[in-house]
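Given below, in the form of structure tokens, are the structures.
After this come two complexes, each holding subunit A, first together with subunit B and then together with subunit C.
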Partner chain A sequence: MKRFALLLRNEFKLFRTAIPVHLIGIFQPALMFSLIALVLVTPTFEVQMEPPVTALEEQLFFAMKQVGSPIGQPYIDPVVVETSNDQEVQGGQIIRFERDAGRETAVQQFGLIDSNMVKNFRNRLTAAALLIWNEELGGDAITIEQEPWLPRDISYNVYFGMAMLPLAAMLASSLIGAFLTAQEFEFNTIIEYRLSPTSRYLLIGARLFRLSLTGLFSGLVLMVVIGVMTGTWPSSLGGIGLILLAVALIGSCIGTLAGLILQKTLPAFLVGLTFSFFTWIMGSAFGLSSGFSGLYEAVSRFMPNTYAVELLFPIYYRVNTGSSLQAIILLITVGGVLFLVTNITYQSRVLARS
Partner chain B sequence: MENVVSVFSVTRHYGEVTAVDQLSFEVFPQEIFGLLGPNGAGKTTTILLLIGLLRLDEGSVQILGVNPQLNPRRVHQSIGYVPQETNVYLDLNAVDNLWHHAALYCEDLSTVKPKIQELLHLMSLWERRNDPVRTYSGGMKRRLALARTLLHDPDVIFFDEPTLGVDVQGKHVIWEHIQKQRELGKTFIISTNDMMEADQLCDRLLIIDAGRAITLDTPENLKAGLGQDIVTLQTSLPIEQPDEVFQGMNIGAVKSLQPGLIHFEISHAERWVEEIINRVKDNYHLEAIRIARPSLDDVFLEYTGRGLRD
Partner chain C sequence: MGLMKRLWIIFKSEFNVWRHDPITALGGVIPPALILIAFALLFGGRLSFKIAVVNLDQGQMGGLLRQSFDEVISPLNNMPYYQALEIDLDGAMEAYQNYQVEGVWVIPQDFTHSIESGEEPNLKMDFFNYNDDRAKNHRIYSTEIIWHFYKKIGYPAPPLEIAEQYPRPLMVDWIPVIAVGVTLLSVCLASIFNIYALTYKEQISNMTLEFGLAPRSLAWVLVPKVVLALIFGLVSGTLFLMVIYAWLGYWPGNYIWAFWLLSGLTALFWIGLAIVAGLRSRNYMAGAIAIVLSAIIVFFIGGGLGLIRYHAEDVQWYSWLFPNTHAIDPIRDLVLFHTWPVDWDITLVKLAGFAVLSLTIGMLITVRSLRRMG
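Take a look at the complex of A and B:
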């Protein structure tokens, strides 16, 4: 135990041999989340419009204000602006009204925005038009009701951040693990390990445990950032810790394996980076995999992040999404198998005589 | 005297190339044993074979009575290895490097702290112990590598090119440390192609080339085996009949280089130098006497040739 504690302490001291990699691995996900949450993920769109004059235009203005999520989050924030007809709409959009022989048309003019944003505006404005239409139709209206599954409305930022928690654990552990391990070969310090009479299970165990703790720390940093930015905190800190630790163990093994096999820092670093982002994107990064295509869902079943997100979901949303037991067993099994594979690879790449 | 290291017909091939070819030798306790050879002679490969990091194709090795190929962990407990390129963590300080080694090698961790302090003082690194190793000179790094190896108190230390890239002052300090440790009971096997190091440090030298053992002896015997000392005399009056003048000294053939300048071979010139001076100083007005002795450089070139080894 004393030796393991000393090995662990030494492992943490190796931080000084790769400070930039540690900073990237630990803080990159939190930084990425902050930027995306601030800049990109905004459910309420500002829609600029000319001052409404007629009754119908007023109706559209108020209908736009009513469009929102079933639980009440507004999707449109109409902003009345005074513009001349020839003013260019460069960065965004504006709704102008055309009145021609008793027919009124709301014309939305777009500036430099992409097709996805056009689709988003169209969806929102269609919803506003539907509200007006339904009022006209009265009892003949087409009624669309959306019943929320979740007991409370949680912003997309929270889901997005929650799904990034496994990425944070995976990225820190695999990047740092890959770099530190490959560095041992580049600086020839691996000789120290090759000749050591200490059990390889202790040596590998200390490194993987240290990397897993680093991954956990990265996840906890992100968790705090999510909490501060969205006001949403998990219901169980212990639960989050265990889930992230399991993911971080997988990342640690992948990173260490990359370092042992490639023995060069740059390629090993890239393997850690690619693996982390691939498993994040394909593992319910932007929504639960069941909401996507069959192919995506099938692939996502092979991603540890998918199971981690399924386990994190109840902690953030207080709702179960799948079999927690199955997810737990899968994460532990994958972590255990990778631990053994890492040990075998260490034996063949470090200890075996060439 | 029981051998610390016994090597029998060790052979190692890399594809078509035979890196070590039928090498056999023994190393005795408290000996500083040198593997001397040109670049690519197989010195480092030999050390890696001895410590069990490389597989033997033929032959066998015993270190302290244990075969490192069969029982590497037991051997690794009692040996130390300092590779040619100093492999310490450059961004850590000396103390952290030593603690790192202790966790990997030291059986009793409770004695490590005072031992680290002792070794840092011994190697004159105490004042700089908290500085990153990156800021150390080449000699300091080598001393740290030696301190690290001594930390787990090995009986046999394999030191690959101990003073490679180290300045003259640094070399002498490292040699002193090696000799001091030998007095404390350690056995050293070093590889080198530094003639001064081989001459001053090693008790015995195995000259190897192209993986083969060329010769094995003490530096003195190797030099003596190459030939006798050469005495050159410069006098103002030419020595007409030198055989008569130096009768009874058993000198070799005398060559006259120019009037008043002769040279001849003689064994152990230092024993005869006074007598030589006495016999020529009055009658021939001795102006200068020079004694040249074969150096280890001469021995090395004699055995390994003058061709470049890249």
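Take a look at the complex of A and C:
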């Protein structure tokens, strides 16, 4: 144990040999979140319309103001614009009115070319026009009793940040692991490891543990940034720590393996980077995987991030999501298998060549 | 020795780097390819909300409402808004609690009766609101269903009809928009990684000192690296365009040169940044990591995932500090629509400004630090 502690101390001392790499690896995910969070989609859209003239058009203007979440934000910010040119569509879309033989039509004129934005604007106008129709129908109108899962709508930033926590742990541990390991070959300090009489499990164990703690630290930095920016904090710091530690162990193994196999810092870094971002996007980065296509959901079951997000979910949303045993077993198993693979690779790439 | 011969020798020796480190040379291909695959799986599949519909209605209206879920088509991917699964109430709630469905609609027993007698018919909709964007979609998608249902069952016409007009006969889905963003990312990453690959040997063998002592201008060292990194960036980008053509059918055609020009100028900006760290041994890898991660962040904040021309007010000020934000929509015009960007001139001026500024400052700092070491 004492030997392990000494090895661990030595591993932490390596921080001094690569301070900028550590700082970037640890803080870059938090920086990334804070920049992206400001441009993430919000439910409120500015919807432009030409000045209402008739009572019905006035009614549409006020209906648009009513469209929104009863426990969250409005969905439409109606903006009245005067345009001299009928073909000019600034801001992506404008609602113009056609009056023909007593019938009025709100024509949504698009300048847009992407279907996602068209969908968003269309839905909002339909919602507002339906309010007017329902008012006219009176008792015939269908009411939808909304039963949202949580007492209030939670900002997308919270989910996005929560799903980035495993990325932070993975990125820091894999990048730094890849860099430190490959550097041993480039500077030929790997010879010290070859000559070491210590068990390889202790050597690799100390490195992976130290890298995992680094990854955990990066995740905790991001957690603080999420908390400060959104006001949402996890219910269990210990729970977060254990989940991120498991993810960081996987990242540490991937980074160390890349360093051991490629023995050059640049390609090893590339492997850590690619692995981290791929597993992030595929691992429920933008929403729970069940909310996307079947193929995405199927592939996401192979990503450690998916299980980490499932475990983080009840901690952030304070809801009981049933048994987490499968996710816990899977993360531990993947970490354990990768630990063994890293040891075997260390044996073949370092010790067997002495 | 002739100028051309000297240049050729330099280029040839630089080419050898790629043979020795093919993985890094593919730095602009591997990460963007996987990012594109991930986004294709994420947004390219069926984006309909998977919900359970529990139809308890004893009349026919519940069935008609159920049909509406399949009949109302979203412009996004031309698929229905909902993928409605008919499950019994217990099964539906269990699936909902296990995150297998996004929501549950319950059509009550007296639905038909209350519609026919005008007794305020109602439905119950359970749905996830763990993120406000998806909650918003649940609420406003449901209005599309009800609007369609009213028309289907022959309710009196709405007081205000709605209609749509589009600027072009063609509309693009999310994936082509993202794919062009990833293509620009590929050009930038390939240029950055190749600058680092081309300076790696110098770092490892401490040749930067020799550069500092060189009697000739350091432009002989730097310019070939810049040109080769740029070429590799453009080759990677073109490779991505070919993939997009084979997969989605979009190709810039005669405007390919304009694509090369815009993306090349964007890449030069990143090359200017990369070369500063690429030839400074102390911060070599830190620089590489920082610049590569920055390029990826800029992909996310600079229009990589969506059009920004119509949402310029939502783009944060820091995004405009990078050429990618200015270049991305004109490139989409060229690749997706074969149309000449309306803001071509101003975009070209801006991108040239970014490139010249970055390369000039980058080269000056690099030369200065190399000479100081020498």
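Everything below uses one rule, namely that the second predicted complex is superposed on the first by the 290 of 354 C-alpha atoms of A that agree within 3 Å, B and C clash if a C-alpha of one lies under 4 Å from a C-alpha of the other, contacts with A are read in each partner's own complex, and residues count from 1 in each chain.
Keep this in mind: a residue touches a chain if its C-beta (ideal position, glycine included) is under 8 Å from a C-beta of that chain, and two chains touch if they have at least 3 such contacts.
Quantities reported herein were computed from a predicted structural model and do not represent experimental measurements.
Judged by the touch definition given at the top, the superposed model places A:Val53 against neither subunit B nor subunit C.
Residue contacts after overlaying the shared chain place A:Val81 against neither subunit B nor subunit C.
In the superposed model, A:Arg122 makes contact with subunit C only, not with subunit B. By the touch criterion defined above, A:Leu288 reaches subunit C but does not reach subunit B. Note on subunit A: of its two partners subunit C and subunit B, the one contacting more of its residues is C. Touch criterion not met for A:Val337: it reaches neither subunit B nor subunit C.
Once the two complexes are laid over each other on the shared chain, residue contacts for A:Leu237 go to neither subunit B nor subunit C. Of the two partner chains placed by the overlay, neither subunit B nor subunit C lies in contact with A:Val228.
Note for the complex: subunit B touches subunit A at residues 51-55, 69, 72-74, 76-77, 79, 81, 83, 85, 87-92, 96, 99-105, 109, 132. Note for the complex: subunit C touches subunit A at residues 21, 23-24, 27, 30-31, 34-35, 37-39, 41-47, 49-50, 74-78, 97-102, 115, 118-137, 139-144, 146-147, 149-150, 155-156, 158-168, 170-174, 177, 193, 196-197, 200, 204, 283, 285-286, 288-290, 292-293, 296-297, 300-301, 306-307, 310-311, 314-316, 318-319, 336-337. Across the complex, subunit A meets subunit B through its residues 2-3, 6-7, 9-10, 13-14, 16-17, 187-189, 191-198, 203, 353-354. Of all the residues in subunit A, the ones that touch subunit C in their complex are 18, 20-21, 23-25, 28, 31-32, 35-36, 38-39, 41-43, 56, 59-60, 67, 69, 71-73, 75, 89, 91-92, 98, 103-119, 122-127, 129-130, 132-133, 136-150, 152-156, 158-160, 175, 179, 186, 262, 264-267, 269-271, 273-274, 277-278, 281-282, 285-288, 290-296, 299, 313, 317, 321-322.
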